[in-house]
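One structure is given here, and the rest of the page talks about it.
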Amino acid sequence: MSSAASPSTTLDFPHRHLLGIEGLKAPEIEGLLDLAEDAAKSIRRPGEVRTDLRGRTLINLFFENSTRTQSSFEFAAKRLGADVMNMSIPTSSVQKGETLIDTAVTLNAMWPDLLVVRHQAAGAVELLSQKVDCSVINAGDGAHEHPTQALLDALTIRRHKGRISRLIVALCGDILHSRVARSNILLLNTMGARVRVIGPSTLLGSAIHKLGVEVYTSMEEGLADATWS
Amino acid sequence: MSSAASPSTTLDFPHRHLLGIEGLKAPEIEGLLDLAEDAAKSIRRPGEVRTDLRGRTLINLFFENSTRTQSSFEFAAKRLGADVMNMSIPTSSVQKGETLIDTAVTLNAMWPDLLVVRHQAAGAVELLSQKVDCSVINAGDGAHEHPTQALLDALTIRRHKGRISRLIVALCGDILHSRVARSNILLLNTMGARVRVIGPSTLLGSAIHKLGVEVYTSMEEGLADATWS
Amino acid sequence: MSSAASPSTTLDFPHRHLLGIEGLKAPEIEGLLDLAEDAAKSIRRPGEVRTDLRGRTLINLFFENSTRTQSSFEFAAKRLGADVMNMSIPTSSVQKGETLIDTAVTLNAMWPDLLVVRHQAAGAVELLSQKVDCSVINAGDGAHEHPTQALLDALTIRRHKGRISRLIVALCGDILHSRVARSNILLLNTMGARVRVIGPSTLLGSAIHKLGVEVYTSMEEGLADATWS
C-alpha cells in the first residue's frame, strides 16, 4: 500500500539557515528547485512515503497569522516524514524584543531540528537564528524577504518556460511594501532573468533602482516584450 | 512493542466522495460498518499500528467550529496512519462563496488525499468536492446531511441489536433542523428499518412525510413497540 | 538517515497515572529521571527515531491555556513516536463540573492511551482520572500539584549537582499559590534534600510548616549555606 522513497536528488547547500534569497548562488537555487520538483512528484504518487525528514522535528513559529503559509509548511514537512508542531504567538499583546529572544531560547531547549519563523519585523528572523542551534527558515519577515515564496514562484516559472535565465519578467503592483517582490527580484536577477517592475512611483519607492531592475510606471510599456508565450 | 496491521475487511465502495447517505446502497453501508468495527477493535489493542492510510494526507477543513467532531476525525485518521492537518476557517468575516472555491483550489494544489469538510451551508461540501481532485467527506453541511454521524449511530445500533433491518427506530425532538436526523432516516430506511419521528409538528416540518417515516406528535404513541429490548 | 532506538532503561513504576509527586517513592522518581535523561540524549542525536510510544495516542487536554507546557508535552510525545492530539477547552464559558466529566467520557470513548490534563481546579485531574480507562498525567491542577515540572527541575538539579539527596535547596517567592513549589517540596523531601522556603509570610501560608520545610522570611538568612557551588 505504501512505498518508501528517498530523495533522488542531492543538494550542495552550505548554509545552515534559509533567511533570504540574498547571498544564494545560482547553482544553489537551481538545486533547491530540482529538489522541490522531485518532492512535488512524490506527493502526487498516493501512498508514497518519503523519509527525508524522518526523525526530525520542525516547529512552525508564527508571530504573524497566516493559515495558508503555515499550512503549506506543515503539509510539506509531514509529507517528508517530519514531526511538526505549530506555535502561533500573536505579538500584539507582548513586549516584542523580549518575547522573540525569550521564545527562541525556550524553543532551543527542546532541540528541534528546524524552525520556520514568520515575524512582522524585518530582521527578526535573522536575530532569532543567532540564538538557536537548529536551522531556521524565514517564512516572511516584515518588508524584508520571503525566500520560499520566491522559490515557489521560480519553480512555477521554470515549469512553464523551461528556464529562468534570459527571460523578461515583469512584477506589477505594490513593490515597495512587498517582501515577496523583493525576494523575487533577488532570485530572478541571480538566475539571469531581466526583471522589470511596473507600478505607480509611490508604490515602487525611491531606492528601487538599486535592486537592478528596469522601472516602468506604464503597464503597457512595461509588459511589451514580457508577454507570456 | 508494536505490530503492524492491515484491514482484514475489504470494501466494495465505488464512490470517490462520501457526501451523504443518500445514494448509498445497503451493502455499501454494511461494508462501511464492518470496516469501522474492524478498525475500532484495533484501537483497543494498545501499540497496534494500522497502516490503512500510511502515506496519505487528510485535511480537516472546518468552516464551522466543532472541537468534538474535528478531534474524532483527527484521532481516527492518525490511528489509521495518515498525516493530518487541521484548518479552521470561520466564515463570519469573509465573502462566503468566494472563500469556499478559493480555499478548495488552494488546498487542491497541495495534493491532499482526503478533505473532511464541515460548512454551515447545505450543498457547500458537494460544491467543494467538484473543484478538487481528492476525496471529500462531508462532516456536516447546513441542514442537509451528516453521514458519518449516521454511520456511527448505525454501528451503535448494530452492536446492541445485532442488526438494523426490521427494527422500529424512533427519532425524537427537532427533526426539521437536524442534518443528523436526516442522515439517520436515510440510512435506517436503506437498511430496512422502520423509522418513526416524534416531535411537535413545528419541529417536524411539513415535508417530513416525503422521507418515508411514520410521524408522531405524541411521545407515548411514538415509542409504543419501539421499546429498547 | 535515521535509526530506530528503544529505551535503554526500564522503569519499575507500578502506577497507572501520574497525578502528583505525593505517593511516589524515591527509586520511582530516580527511575523517571534516568528515563528522561536517556530520552533527552536521543533528542540531541538528529534523525534518531524512538519507538517508545509508537502506536500510542496522547491527548493534550488543556482547560487552562499554556502554549509552553502544551508544546513541551506535544514535542516530547512526538519524539517518542506517539500520535498527539491537542484539545484546548476554555472553561470560562461552560458549566465546569459538567464539562469535565462530559469531556472525560467522550474522550474515553476514543480509546486514547494517555491523557495529559491541565485544569484550574485542584483535584480536577484526579477526578477525571477516575472516569477513564487510560493513563492520566497531571500537567497542573489549581494550586495542588505540577509533578512533571518538579521532575524537570529535579533533572536539572541532578545534572548540575550530581545528586539530590543531602542538598540544601531554597525555594524563593510565592510558595502559597504555587503548585510547582508544592510538587518541588514533595519531590525534594522524598529524595532526601533539605528544603527551605523563603518569602514574606503572606506568600508562604500558615500551613507551610506541615510540608516539612525550613521557613525563612529573610532572603539573606535563607540563602546562607544554600549557595550554588
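We call the chains A, B and C, going by the order they appear; numbering starts again at 1 in every chain.
Following the convention adopted for this analysis, a contact is a pair of C-beta atoms (placed from the backbone, for glycine too) under 8 Å apart; a residue touches a chain by one contact, two chains touch by 3 or more.
Treat the numbers as computed from the prediction; the structure is a model and nothing was measured.
Asker: Taking all residue numbers at the chain A to chain B contact, is the shared part over half or under half, that is, same or different?
Answerer: different
Asker: Quick check: superposing chain A onto chain C on C-alpha atoms, how many degrees is the rotation, to the nearest 5?
Answerer: In degrees, rounded to 5: 120.
Asker: Rounded to a whole Å, what is the gap between the Cα centroids of chain A and chain B?
Answerer: Between these chains, centre-to-centre, one finds 39 Å.
Asker: Do you know which chain A residues sit against two or more other chains?
Answerer: Chain A, residues with two or more chain partners: not present.
Asker: Applying the document's contact rule, which stretches of chain B touch chain C when the two form their complex?
Answerer: For chain B paired with chain C, touching residues are 1-3, 43-44, 46-49, 67-68, 71-72, 74-75, 78-79.
Asker: If you look only at chain A, which of its residues touch chain C in the complex?
Answerer: For this pair, the touching residues of chain A are 6, 51-52, 54-57, 59, 83, 85, 87, 89, 106, 110-113.
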